[in-house]
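By written order: A, B, C, D, E and F. Residues from 1 in each chain.
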Amino acid sequence: MRVDGRAYDELRKVSMEKDFIKTAEGSVYITVGDTRVICTATLEDRVPPFLRNSGKGWITAEYSMLPRATQTRTIREASKGKLSGRTMEIQRLIGRALRSVVDLEALGERTLWLDCDVIQADGGTRTASITGAFVAMVSALAPLVRNGTLKSLPVKDFLAATSVGVIGEHACLDLCYEEDSSAIVDMNIVMTGSGQYVEIQGTGEETPFSAEQLAELLSLGQKGTSELIRLQKEILGEDAELVGAAQVKKEASEKA
Amino acid sequence: MRVDGRAYDELRKVSMEKDFIKTAEGSVYITVGDTRVICTATLEDRVPPFLRNSGKGWITAEYSMLPRATQTRTIREASKGKLSGRTMEIQRLIGRALRSVVDLEALGERTLWLDCDVIQADGGTRTASITGAFVAMVSALAPLVRNGTLKSLPVKDFLAATSVGVIGEHACLDLCYEEDSSAIVDMNIVMTGSGQYVEIQGTGEETPFSAEQLAELLSLGQKGTSELIRLQKEILGEDAELVGAAQVKKEASEKA
Amino acid sequence: MRVDGRAYDELRKVSMEKDFIKTAEGSVYITVGDTRVICTATLEDRVPPFLRNSGKGWITAEYSMLPRATQTRTIREASKGKLSGRTMEIQRLIGRALRSVVDLEALGERTLWLDCDVIQADGGTRTASITGAFVAMVSALAPLVRNGTLKSLPVKDFLAATSVGVIGEHACLDLCYEEDSSAIVDMNIVMTGSGQYVEIQGTGEETPFSAEQLAELLSLGQKGTSELIRLQKEILGEDAELVGAAQVKKEASEKA
Amino acid sequence: MRVDGRAYDELRKVSMEKDFIKTAEGSVYITVGDTRVICTATLEDRVPPFLRNSGKGWITAEYSMLPRATQTRTIREASKGKLSGRTMEIQRLIGRALRSVVDLEALGERTLWLDCDVIQADGGTRTASITGAFVAMVSALAPLVRNGTLKSLPVKDFLAATSVGVIGEHACLDLCYEEDSSAIVDMNIVMTGSGQYVEIQGTGEETPFSAEQLAELLSLGQKGTSELIRLQKEILGEDAELVGAAQVKKEASEKA
Amino acid sequence: MRVDGRAYDELRKVSMEKDFIKTAEGSVYITVGDTRVICTATLEDRVPPFLRNSGKGWITAEYSMLPRATQTRTIREASKGKLSGRTMEIQRLIGRALRSVVDLEALGERTLWLDCDVIQADGGTRTASITGAFVAMVSALAPLVRNGTLKSLPVKDFLAATSVGVIGEHACLDLCYEEDSSAIVDMNIVMTGSGQYVEIQGTGEETPFSAEQLAELLSLGQKGTSELIRLQKEILGEDAELVGAAQVKKEASEKA
Amino acid sequence: MRVDGRAYDELRKVSMEKDFIKTAEGSVYITVGDTRVICTATLEDRVPPFLRNSGKGWITAEYSMLPRATQTRTIREASKGKLSGRTMEIQRLIGRALRSVVDLEALGERTLWLDCDVIQADGGTRTASITGAFVAMVSALAPLVRNGTLKSLPVKDFLAATSVGVIGEHACLDLCYEEDSSAIVDMNIVMTGSGQYVEIQGTGEETPFSAEQLAELLSLGQKGTSELIRLQKEILGEDAELVGAAQVKKEASEKA
């Protein structure tokens, strides 16, 4: 039995509220158990210097936690004057993951900023951020398709992330903070709607892990991400149908 | 008529949700029109170096805005590596205001951190922060009275803040962002439950203002803060009765 | 009686030496009691990015204290690598105050830097800075009128600042450091030559203050600033006549 | 065929020179093809604050590249005044990996600093750093066993790392820079002498990858790290025998 | 003939005003031609960590220029958030020079801070700083001798500095800014009252210089510093007699 | 006798390995006794803003030490987030010294970066850096002459540096770390192939020094640098002949 009574392969309760922030082009308030993240998507009509005049767009992410998202107050990175290694690592991961399902040429010379701000943290904040940011991104881009600015949604596939880990002798899905602290192996998995891997980051800091354990963890990750993607589709409603449509057409024409 | 149809002396719709963040000792989610702020209060059992062994406590505030709280994305201060002058000025104001109604000796050697994070901004974020932080502070301290750690609540009086300003020829209460941008005089007023001034910050950057205009603005400020304090009492429920109780007793005994 | 024997409504001895620094376009060495500040004005033929091609100019201020301006040595902000909140707040105030009496369109696309460096501090350094910076500003701009670069001085009115406060039961004008430390209410007032308010910043950190106290403080502020402005006129000599001249003409033609 | 004529499952030429830096307790100069890294190990008789009086030691890593390690000059992080996200991510990885094979309690209250400085970069600098740092670490600790300060080497197992990736349609071992730039999937694998995983970091930024591709990459990683560990044993000579000895004894006594 | 009509071996007009800043233990306002520097000396009853419990004192210097000390405004180092290499080099030089004539053991566990703030710059600011800081230092220490805290002044000899350089074909003493800009060789010389060298820093960035030129420059430096030291003695009055007295006694007793 | 048995006027064993780093345009691995420095030269086809469209080039140097170059680990400046005063002083010295022998107009609008990274430090790291950087610079520029991009090498003369100092009563050449620590006078001398001075930096922090001592030190410096220059010529081989050739021609034509 897990600390909160869940089965080993059970996600926590997940909810997503779209358009939570009026001022942003896209936004989602995602809760995964007691982990709560505000994700916003900002569209900007220019790209970083290294992409100017390339015809390609860019996606970049920033991640932060409010000081009292955690059980004890965490000093603000703005007050310390620099980002921690953990924050940098997470925001690099989020950006990389989102870029993997976007056709940056089809996006055109635009930058999409994904801001993930954790207001309450109970484990899995980076994976909740990815799952929520995906919905915020589609919400921000869909109107461009509907108003004809973009011919089709430059998003090739769905994308969600979850954490898995070994606690005691059990491989578990979607660790809460208490579980995460006692896990001997800890892995974040980012997968697409078609069940492929985008990112696997597994660490056995306490104990190295075997090929068998790895296989078990990967299978839990697959189950979790596919459930999250089902939820994303529900939340996105009509917009969900835009995802991958261009890709299907493209592949069809390539075959023909 | 004002941009949103309000009367010149009318506050926007205000709501406060207590205990919004599970992980904090006290918290409030305050909305003033479209301005939305998460205020948390953290109690720490130590004080800054300059107060060690003084028997006195300290109250300090930090203020921040999520990047998409604003109409266009604002760069994070954590990414820039330093706080802006505006942020510093606001957090100094919030801390100073809250300290003015607290008996720091009665608080004992504790630090109270008040974090005000604006998730959506439509003018008046600093005054909403003060009004919300007051409730978060009382929420964090009341349990110490109920469990006997403190003999009485070290909070001497209620405290709320609002903005006032001159738009065209009219003195107006509680400016939204659009009004704030076109105001020729702009003033923040912090007042106590007994109707005294804690802080007055008025600026006539566009046009200097006369003594008559000042009087009108002060009177609007009085009206606004007293309404906000009525709301704080409602939200705080039983805890509201703890505010000022020690003070009353103290003054009574001083008279006797 | 006050610590230095002054009457409650009496300024300290004030002197201003114009053209103190040869290398600057305008400069003043102002002393207010033992508070001594070097104010320089620098004219630059360009404006910050947000004003480019707007036809408007800009005024910005920087404030600093030498390490031994204070009784005990203060660490340099250059050594700490960042400005304190206090410094930022003061330099924002000085810039805002000076801008309030300048017609930025008439200034044209120029930036005026006002540097206020406190070499000895005994209370009231920010108000002395404003009073001195006004004179340095006029000194830097007047030659542009005399040589025909500007048609008229873009300065609409005189401007001076002083501090007032409540010490014990008395409202006092122009607090020295010792008084400032024991004041229960502390207020900085910036006023124009025509007796209007530009900035009021009052704080009752120790004790909130009443409307009566406020009225008394405002009246002292009026007295102090009008005396300071008389002195500015004396120091500026002929240049004083350029102040407000354009304004008077403009208003006259508007009436006609 | 690969750009440098290697087979798909072939490592580049690897060499390690022990005791390269006289001033350090342990040091290795590792070359993997044209990638050249100086690894030093420093022993310090104290631990970071969070471990004081815990009886446990700590291992931390720092990673840097000389400006001309790369084809075009890279600006120094010391000149920019901050570490890049990439550097932080790499040094966190190196530290975490090394800690996974060390018994921190047996190490006692000591900190082991592992500095990895890349003097020439041609892909795989983080994995070469881990492989080299392991040898530097054993070199620094072995004398403490020989002189009786430590009862046995607190290193539980060997540890090496390599990169693998998919280039075109082929899974390849140990990518050089040119290959790395064109890889569609890129993975770093850290493994122990007993063939278990310590860290798996795989990214399909260009294209998500399938379970089959993952399996192929993991198998190449296993081959590469086991060859590197054979080399580490050669270089370490007698000291190699100290690795894991305590562990074997401990497990034996636990069984008995 | 030089730009200002001086002879090649002539110093500019030098003045020093002692006790210029009331708040400091020692202070001097030194002017060398149009170069004007405020030097203050601060005594602190503790030493940096590396000297704790050593019985020895320390002397450290900080140097800065007001933004309008120069012909065009220089950005504040406090605003940029870091000291320039030039500033660091100069303050290291000032500290080192002053320490060379102080018996740090006789000073006891005290730190002497020497702050040199240039308010107007016309070449030779670092040498004027050294010459002025020496007087501020003696002024700060002499009272400790007079009140018996120190048995004798821990200052072994006088110390002054000047710049010399080659302009066109002439070796010149005490370069003003215009001369300094066109000098092909530039040298700063710090010497003691007994005519020995403390610091020689000569640079031939434009053209390397010969042994003959070097000899000529050194001789000018000797002339200049001995004149400056004569002036220091005048300014210090009675306190001048305390300089070196302990040294003379010590050497006498060593001989005996 | 010296600590390592050398004669007072004897250099340590010096070696230079050219083209040590494949990725750089020029590089040298210089060892002076146990001091070991990697010097690289980078050519960039643009100049800093202050030289744009001037037709002139620029030379700039950066200097750093690996953390374990020293007997105890030194914290990285990149981790501290700023360069120390010592580092800034040294890199300013290296750049200035190298510029003194280069015809920046003949170099054209190019920047030459000289990176000196100390991997093991035993005294004299700044002088070894200068001596090595000279060779790296010539190596980077010579191909431009051979391929016709430059008409002749813009290097006017050879350049080398050494340290000298007074230990006890002896003037010594090329101090190792142990000697440097006990020297009462310490001097760095940079000289050209024609025996002229480029830079003299002498400090008598412990004891001021006399004109006689100075003469002795200068003569040792001359001996040391001329030996180093002989070695540079050997290492540079054919390229050595390019040094100064343009200068000779130019002077000849000026005479004619």
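By our rule, a residue touches a chain if its C-beta (ideal position, glycine included) is under 8 Å from a C-beta of that chain, and two chains touch if they have at least 3 such contacts.
Chain-to-protein mapping (UniProt): A, B, C, D, E, F = Ribonuclease PH.
As the structure is a prediction and not an experimental result, all values here were calculated from the model.
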{"item": "For chain A and chain C, chains touching each", "value": "B"}
{"item": "Greatest separation from chain B - chain, by CA centre", "value": "F"}
{"item": "Same or different residue numbers at the chain A/chain D copy interface, by half rule", "value": "same"}
{"item": "From the options A-D, A-B or D-F, the pair that copies E-F, where over half of the contact pairs coincide", "value": "A-D"}
{"item": "Most remote chain, CA-based centroid, reference being chain C", "value": "D"}
{"item": "Averaged-CA centre spacing for the pair chain E and chain B, given as whole angstrom", "value": "52"}
{"item": "Euclidean distance of C-alpha centroids - chain A vs chain E, Å", "value": "61"}
{"item": "Distance from chain C to chain B - Cα centre to Cα centre, in angstrom", "value": "29"}
{"item": "Residue list for chain C, restricted to those that touch at least two other chains", "value": "81-83"}
{"item": "Arrangement of touching chains [line / ring / star / complete / other]", "value": "ring"}
{"item": "Chain order, ring traversed from chain C with chain E following", "value": "C, E, F, D, A, B"}
{"item": "Sites on chain F touched by chain E in the complex", "value": "82-86, 88-89, 91-92, 96, 99-101, 157, 187, 191-192, 194, 196-211, 214, 218"}
{"item": "Footprint of chain E on chain C - complex, ascending", "value": "21-24, 27, 34, 38, 40, 42, 44, 62, 64, 66-71, 73, 76-79, 81-83, 87, 113, 115, 117, 119-121"}
